[in-house]
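Input: structures, listed below.
Shared between the two complexes below is chain A, which has chain B as its partner in the first and chain C in the second.
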Partner chain A sequence: MCSVNDEGAESFEELKPDEPLELKCRKCLTEDGNVILRKKDVYCKTCFIPMVTHKFRATLGKSKLVNKGERVLVCVSGSQSSVSLLHLVWTGLQQSTYKRLTFDPVIVYIDESILFKYPQNQQNKIQELFEKYGLSYHIVLFASVLYSNNCLIEDTNIDQHNNKLKNIFKNISDLTLKEDMLMKLRKHAITKLAKLLECTRIITAENEHKLSIRLLSNVALGRGSQIGLDIGLAVNDKTNSKKSLITIRPLRDLSAKEISYYALFNKLEDYVHSNFLTATNEDESIQKTTEQFINNLQVEFPSTVSTIFRTGEKISEKTSRTAYCSMCQGIMDIEMPPSSAMEATKYSKYVSLMGLKALELSLNNIDNKESDLKRCNGCYCKNNQNSKEELLKNLCYACRHIIQNLESLDDLPEEILKKNSEKLQFQKMEEQIKDFLL
Partner chain B sequence: MDICSKSLNITAEFTSGLQILFNNVKKHNVVLPETDEPWTLGLLLIWIKDNLLVEKEKCDLFLKGNTVRPGIIVAVNDQDWELLGNVKYQIKNNDNITFISTLHGG
Partner chain C sequence: MTILCSTKCGRNAVLKRPKTGDTLCKECFFWAFELEIHSTIINGKLFKKGDVIAIAASGGKDSTVLAQVLKTLNERYNYGLKLVLLSIDEGITGYRDDSLKTVLENKDEYQMPLKILSYQQLYGWSMDKIVAEVGRKNNCTFCGVFRRQALDRGAMLLNVDCIATGHNADDIAETVLMNILRGDVARLQRCVNIITTTEGAIPRCKPLKYTYEKEIVMYAYFKKLNYFSTECIFAPNAYRGHARTFLKDLERLKPSSIMDIIHSGETMCIKENVKMPERGVCTKCGFVSSQDICKACMLLEGLNRGLPKLGIGKSSKANKALASLSNPKSLNF
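== the complex of A and B ==
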């Protein structure tokens, strides 16, 4: 039941900044507090760390996501979140029998130094860190994971692969799309590594803050239907028919502040982990604008992030027939009502392309006409254009934007193209036998 | 009277991506010169901007107005600055002040 007061609406909890804060830890009530969460809850160091650990274990333990002895890929990028994740996992493994984590972790670090400028000895430092923990680990180059089949051993064509990777990002001029593409390629790389290393679970280190930023920017990017995949606790990769591969985000109930203090109290070193948005202005990309929006709200209203996050959790897919995008493996909207946002965007784009002529044709003809139009433009490279068209058909709205920027598809990882051609063949076959199906 | 006793020795640490604004150096041992006013965190922020910050044109990635940018956490000797009065906190000798960015990608 909702409690409604006399004014007819629930009043918000008011923050009184002038009131002196309770300085003792709210849990043990004896020690002086070190951290203040949600602007009111004070914790001391000794109570704070078990609290974070407990939250991590509770999230991980929920519905027994990981079985005993299962191989789990732990993705460490060097960022504060992931360094904390590594520490949490390691601490879990050292516990006494009844509390011990029982899975078999494989640590992986993807070296993206080809795209970003890192301090020179960063890779060595990461290696030292992994050695210190004494768990089995792999350090791989981003380009070789994407393009080579034996990236774990040796990549003989590394220069060629590096160039391919650089090419992709050179062709995308828009910062928003660049970042989006990087996210998708990272995801692709991680999935591939998990398969290579025979892991059935993937653990990543996104915290509540990061996920709520991702949630809102996903909506803005036209990835609304994929929110569940991108922020969920346990996401099953259904496209992989042989074995289920589940991505787990055990830090998703922890706030950025909690992680930062966990790292600080445990004296965990973190490393530079850049992306395309690092040190860019806020108005240059959708993701950064979203981040700024959330952060500014968060200062005044400490419950912003959790509100966004809990609301996002409730969004779920309801389409019965699902198709997956060849690139991001996300759910595609295929069954659309006639006046959906996507149709509207399509129509508006078409009208601006065709001018007055557009009015003579009905909406249904758009697809045919549009492809005709493109084919005429690119007669000299008809084949190239065709394969791009074919790929675009199997991409979601957001990925289409990215691919349209690329000059040639050769720079994309082989698996994506292969998957797409398989899909196309399947669709062709379905078309052929469609009359015989009941 | 010893002048050194009035100037303050502190360490300023920049982690989780913030170090890229400070020449990739995380830990800075700093001596704050003697002034008439007592050193507060608010004054320190401006001092850092003028003296430590290498990439001056990216100053708005660190400061916003007279405080830090939303998303940056400040801790003094492992204690949250929100518990100490934010910018009003008076810096003591040998304080260890940590700035942690929670923004992704610095």
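== the complex of A and C ==
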């Protein structure tokens, strides 16, 4: 078939051969340029920094969600974006009265050195950095946040907790799922910290480039319905009805390049921040393949990142029911109509095992058959298997892929399991009284 | 080493399913393949008894397998459908000549009526002539835009109830990616629909929506189906080429990626406050269009006026160019 298919014409902005550059700053028209953005816009240093600050403030202001004196969790991972975010927040707090940021920031750094190799003195350096800014801050261990309720003060069981955390990832062999799990656990940790520190807003540092990669990875992982949650400007955590927790991403309108220059001009040092994909090849995981794909396209078609990002702006989840995944808080996307990719996949697996017999049994038998197939042949893991089945019931499409790979649930954070059993309890109650509800 | 068929039918497996990884014998694979399409048709409510269905036949593997499977299922499960083949002859020497031969063979083999419509007949321009005029850079734009309408026009002529196209799961997943990359949320929404209906146009459906391309090739291979496999001889669009390679990379890492992407597409929707292009009809030809003048008419206008670049870029530019022409409405085409 022709490469165009039937979807009609395609037009993309192709990279034009380099046009002669104006060398003066486009804003003040007097200074020599120091930065070139979008291959043509030249800025001097003096004009560039206020522009970045302005974008940050505009994005933050647009959300109109941060009130005066509100406690806001500012997440700093050590990455260039995050140290820039910290600098932007701090600068905002120093401004003259009418421009000053009025919220009450609480800075956190989650130490993941149990999972990744960091320079030995990294924690000290981060501490020095935070001290320099003089804002209230916390440096916490990843495993403590996940498994201890005392993580802000002292975790007496840290060795045990570290082992649990390492165990989870030891049990997931697939790099794609490993990284996906890391993202979800980080999110879980941040949410928990916000609650412990009585913050009602969370600010994170993702830039446009990072978010567009996340968007496309999400689509590839079956997390299309979570795009709003994962890249949106402001995301309401609807599960927390008493005190609504909102995540804001004020650097989302800034490009990676703008942030690098901001960090460079302000002499901001950044720190090693790893994940499971650091130093892996692009052909080992979906996320890295996606990143590589976007980066390559961006070279050929410079509008790639911003187009993907703007597409994300227009997408939200299809919701008929308000139920949320116990792992990632994404909307539950597993009650699909018979004509859907999810049901078709189920049927494929079924037909491949049943062959001709598939015809005799009705399609409705699939679910029963499926759980029959999963039950092990008389081994002792029945209980374990049961609780896994129960957890799977309240997981979204993509989180199921992760948990199905786990041998045991023992190493999952307690809150996730607890939340799940509460949900199950509630569902059982609903089941019992459903005929009497008007 | 022999591996047994995973359905426990007792035969030896001859293949590993690209979609599920299960090992199957030839017979069980045919069953699985056909049953899945049957279930797609039933669950998606694609057809009604007595419907006349035009199968968009290009001679390629997708449409050849679609024709074979629809004929089989129609007889086996008494769908009560009348199936006809509809082919579009773009007029590309060395490409369409050969593929149309395959369609003619299909017609005899499946004993289905066949209607061939040419671009020359429909638009007064064959693709060979268009290429001579515009060169090879943009010709796929013409090819795609003209084909879309050509199918509608052909289906009108044949008075059918529905057009069944050979789009497979890989095509749909690729289109989801493409529409994100080009920021086209309206199409992003529409492209995962198994039936697309537009007012004034004949509905289209995709019975192979959940079928993997690799399995289609497998099916054709084991059934020894005759199909035409040369890609369009003109250079493929670079952007779509990248998306296709990307999808193949994802599939290699995780075979379920194709279905995962379709699942994503099926669970996303457009925010309420996003303005959507209005879909009306073209004031010139009466076919569906989001603009006053549809893309096909725009391109045709350019060709006839000796300005072939017209209509290739952004529509707004083309509209301006069109407006600057002397009294464009008086032109006939």
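Before moving on, here are some points about what is shown:
As a working rule, the second predicted complex is superposed on the first by the 402 of 438 C-alpha atoms of A that agree within 3 Å, B and C clash if a C-alpha of one lies under 4 Å from a C-alpha of the other, contacts with A are read in each partner's own complex, and residues count from 1 in each chain.
Here is the rule we go by: a contact is a pair of C-beta atoms (placed from the backbone, for glycine too) under 8 Å apart; a residue touches a chain by one contact, two chains touch by 3 or more.
Source: prediction; values computed, not measured.
In the superposition on chain A, A:Leu23 makes contact with chain B only, not with chain C. With both structures placed on the common chain, the touch criterion links A:Arg249 to neither chain B nor chain C.
Taking chain A as the reference chain, the count of touched residues is higher for C when chain B and chain C are set side by side. Judged by the touch definition given at the top, the superposed model places A:Arg186 against neither chain B nor chain C. Within the superposed three-chain model, A:Arg201 lies out of touch with both chain B and chain C [touch as defined at top].
Of the two partner chains, chain C is the only one that A:Ser285 touches; chain B does not reach it. Contacts of A:Asn296 after superposition on the shared chain: both chain B and chain C are touched.
Once the two complexes are laid over each other on the shared chain, residue contacts for A:Lys210 go to chain B alone; chain C is not touched.
When the two structures are aligned on the shared chain, A:Met342 is found in touch with chain C, with no touch to chain B. Comparing which residues of chain A touch chain B with which touch chain C, the overlap comprises 296.
Those residues of chain B lying in contact with chain A across their complex are 15-17, 19-21, 24, 55, 58, 61, 69-71, 73, 75, 78-80, 82-83, 98, 100, 102-106. Across the complex, chain B is touched by residues 21, 23, 32-36, 39, 42, 45, 79-80, 119, 209-210, 213, 256-257, 259-261, 263-265, 270, 272-279, 291-292, 295-296, 298-299 of chain A. Chain A contributes residues 1-12, 174, 176, 215-216, 218-225, 227, 283-286, 289-290, 293, 296-297, 300-301, 304, 307-308, 310-311, 313-318, 333, 336-345, 347-349, 351-359, 363, 397-398, 401 to its touches with chain C in the complex.
Across the complex, chain C meets chain A through its residues 5-9, 17, 19-20, 22, 24, 28, 31-32, 35-36, 39-40, 43-45, 58, 60, 62, 90, 140-141, 143-145, 147-148, 151, 165, 167, 171, 175-185, 187-188, 191, 194, 210, 231-232, 234, 236-242, 246, 249-250, 252-254, 256-257, 259-271, 274, 295, 312-314.
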